[in-house]
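One structure is given here, and the rest of the page talks about it.
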């Protein structure tokens, strides 16, 4: 998990590092982001299609769970992403605070909905999966409950952001919340280990994998697709955010004129 | 009188629901509160099933308590309450509009989400229905009684201690009958008694509290 | 720095004692919540005993939610918060005094009443003691984390419910370990781990949150 | 006609009003003077029915106001130290509510015209809490433009207003008196009201 | 010396300050003028460090205030639209806290003397929420008598004060300037400050 988080952060951070000083300003980042989106969106689509075909049709049914296990290919990547994205949000919020950079706080804001959607997806697929395996949609198991709590952390972030009219104050306040909340994510995650739990423990770890290699590789495929998708969508949303906040800036009016 | 009622109601609703997110907030709140208990008590489904109605009722109580202070507090501080008191319209009507809005924004969302919570706690469908019914009758009582406390505590004159002493104990019977109805239903006992008691309390509260609140406001505003 | 700390602490305590109703309200709420479940679940002693610690913990947690809005709200409205923010003294120190006062007026009374609640639930004397100990470590964390939420939501509409949405998720680990400690003790397991975790969380919160709250206040006061 | 007879008022061990009596005829303004803490606000609140006097009565058209609360309040407009403006509502939303509370029957266009006149054009849809102090107060003053009340009770209405707004307000008061209205006013500022319609009383030892 | 350089401030889509620069020497007062909503309060709050400007800097003794927050704040006294007086505390209790916040080191007797001077003798132990509006503001003004700050930032300090209190306050400000202090002031009232020490700027189109 931590490794996954690190990779994601470094990856998104790396993208931003290209000519940092030039592109740290919203005005020059806007077109750059526009150019970058297809580079993430298209591979995401391709990998997702491959992963889905493999996962749904090619791989054989599980000897214990039959067909229902196939939900794992969405469930697990979504669950990972939901945690990673919160940390990434906090990362951008910290950058935004330290260097007082508007773009970073916009990144944080733009990440939130994607994270929330992944989180919801993990809950939804998990609940659907719960019915055939545990015989119920919901149990108050630690992993499930903490995932729900994570969803509420996203909602809290978005609610705070929405409740503040002034965009600058909104970004600063919700950024602070993301940072405080980021301490909470690993605590919640590991606190599960102290709990007796119905849910499966981590079976994919950097050192050993219990899963069949074919299954693991499909899952990896799906996970990468999820990353690429998250990055593409976030860039898209940052662009909207930039336009909204900079609507009085000269370059935005020029852009609008060009479009006309 | 209908016009002022409508205006005040829409004012309160606008204030409560400035944004769509605001309406959802109470819903989320209830779900979070409900999720706290399993974390603390453990995931035992049978245990949680018996606790379910109690938990949902506590969430309701908490949601109304948390928002009580704002029911008149904000209007008191900015002087709009004064203007209501000296308007030519009957104060109880204005009060009633405010209380109704309070219920619509805190009690009703809770009633609406309670089936989901009932599901999460594994209640039987029928018990869930009864729970919803008790909440539907009970939460307005919470709003009405809470309004009396909120009005009396405004400037904190006549001994604020007294008020929480007054209001919370008044809540207790509502809470007990509400939660007990579901339990008894689950146990196959008759629940008419509970319902008629709750209903009687609601009627009494509807009739009496707007006047009580209005006089409390006149006193507090001095 | 000690002088300002002492002054602010005594200011808060004076104010807290002038508004006794608020402190009593949290206590009452806690007791009511804790007394509800035996009514809902029935008098089965063994059942109550296992539920007890969890319920008392949740009750304490929800009760401290009730008073969060007041922690900075009143100071914000009358401008005294502004004066604190632009005073030459370090804001985290002032914040710390306020949080400590909050704990002394809401958390501590809860800790003090918890043995009574433990008795109600038929906990063994030793388990009761452990419960009190976890509350003693845990409730200050609640006040500290709650302060962050209170500071972030100053002047916003959602008020109490919005604060809860922000801070309840943060409370989760405290709740899990607090309640688990008592359960494990009753089951004869070692509880050092839980206590050291709670202690670590307290230390971390003590060190970090005053700064977080101070920056949140600076943001909110704009 | 407003009459005040034998008003006593005691607050926190201090005797503020000591058998005060006066009456106010249509078309006249009473300027209540006095140092800070003399009891001006208390007097105005008693007259508005927001505070009970220790003894004495307020009469409206010869009848005690207590016995005809609704009628009296339909003829009264009170503006106190607090604006009575809701920060979380926009100016126009605030006006809509005042319109209903005052039963002023103003149309949407009337209200926009009122906001325009008071100098809030362009701020119709701004939340009032985002207005400056003076603009915030102006939203409250819109009531004077909407209401058809006969008796205006104004407690330091000039506070926080800029020169232009003060002039506007003075004009409004004079027009109100011209129409046969009555007004009670407190202010610590020197206000250029034409003195023929103005009487004064001073509370406390001046 | 206080310097303000290239301040921009945007609030709710409105450009309030547009590259404002000025400096204030010891012994001088700057009267910030402008209509309601011109941005006076915003400017004063930026200078006090309560509001972040969109761009630009405030310098104190040549260094950005952000880099020396504690030093700057120990030289600053800000009185805004809100009094900063706690209603549930008595006047003397409020003073004790201000004394500590301002590090004024006033003794109990000093504080009683201050209350006496500001005209609150006999109200020492009254809860501030039970004071009249003017008295309430006076409690806040006591800070001026206690603090030894070099820079006073006063946002409409004359609001709600009676004639005597206004005179007292004017005297205080003049004495402060005399001692080499600096002051920034907004007010819509005409105030008899001797003009040789006073400069003016006007915000918005006057």
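Letters A, B, C, D and E mark the chains in the order given here, with residues in each chain numbered from 1 onward.
Rule of thumb we're sticking to: a residue touches a chain if its C-beta (ideal position, glycine included) is under 8 Å from a C-beta of that chain, and two chains touch if they have at least 3 such contacts.
What you see is a predicted model, and the numbers here were worked out from it, not measured in a lab.
Asks: Which neighbours do chain C and chain D have in common?
Replies: Intersection of chain C and chain D contact lists gives B, E.
Asks: Quick check: which two chains are joined by the most contacting C-beta pairs?
Replies: B-C
Asks: Measuring centre to centre with C-alpha atoms, which chain is farthest from chain D?
Replies: Using the mean of the C-alpha atoms as each chain's centre, the farthest one from chain D is A.
Asks: Taking the mean of the CA coordinates per chain, how far is chain B from chain C in Å?
Replies: Their C-alpha centroids are separated by 24 Å.
Asks: Roughly how far is chain B from chain E, going centre to centre by Cα mean, in whole Å?
Replies: 45
Asks: Roughly how many whole angstrom separate the Cα centroids of chain A and chain D?
Replies: 57
Asks: How big is the gap, in whole Å, between where the Cα atoms of chain A centre and where those of chain E centre?
Replies: Distance between chain centres: 48 Å.
Asks: Quick one: which residues in chain E touch 2 or more of the other chains?
Replies: 11-12, 52, 81
Asks: Among all residues of chain C, which ones touch two or more of the remaining chains?
Replies: 19, 77, 157-158, 162, 165, 168-169, 172, 176, 222
Asks: So which stretches of chain A touch two or more other chains?
Replies: Residues 142, 149, 152, 155, 159, 163, 165-166 of chain A each touch two or more of the other chains.
Asks: Judged by the touch rule stated earlier, which pairs of chains are there in contact?
Replies: So, checking each combination of chains, I get A-B, A-C, A-E, B-C, B-D, C-E, D-E as the touching pairs.
Asks: Under the definition above, what is the set of chain C residues touching chain E in their complex?
Replies: That would be residues 3-4, 7-8, 11, 14-15, 18-19, 74-75, 77-80, 82-90, 221-222 of chain C.
Asks: So in the complex, the part of chain A that touches chain E is made up of which residues?
Replies: 165-166, 168, 248
Asks: What does chain A use to touch chain B in their complex?
Replies: Contact set of chain A toward chain B: 136-142, 145, 148-149, 152, 155, 158-159, 162-163, 196-198.
Asks: Residue numbers of chain E touching chain A in their complex, please.
Replies: 10-13, 52
Asks: In their complex, what parts of chain C are in touch with chain A?
Replies: Touching chain A: residues 145, 148, 152-153, 156-158, 162, 165-166, 168-170, 172-173, 176-177, 180, 193-194, 201, 204, 208-209, 212, 215-216, 219-220, 222 of chain C.
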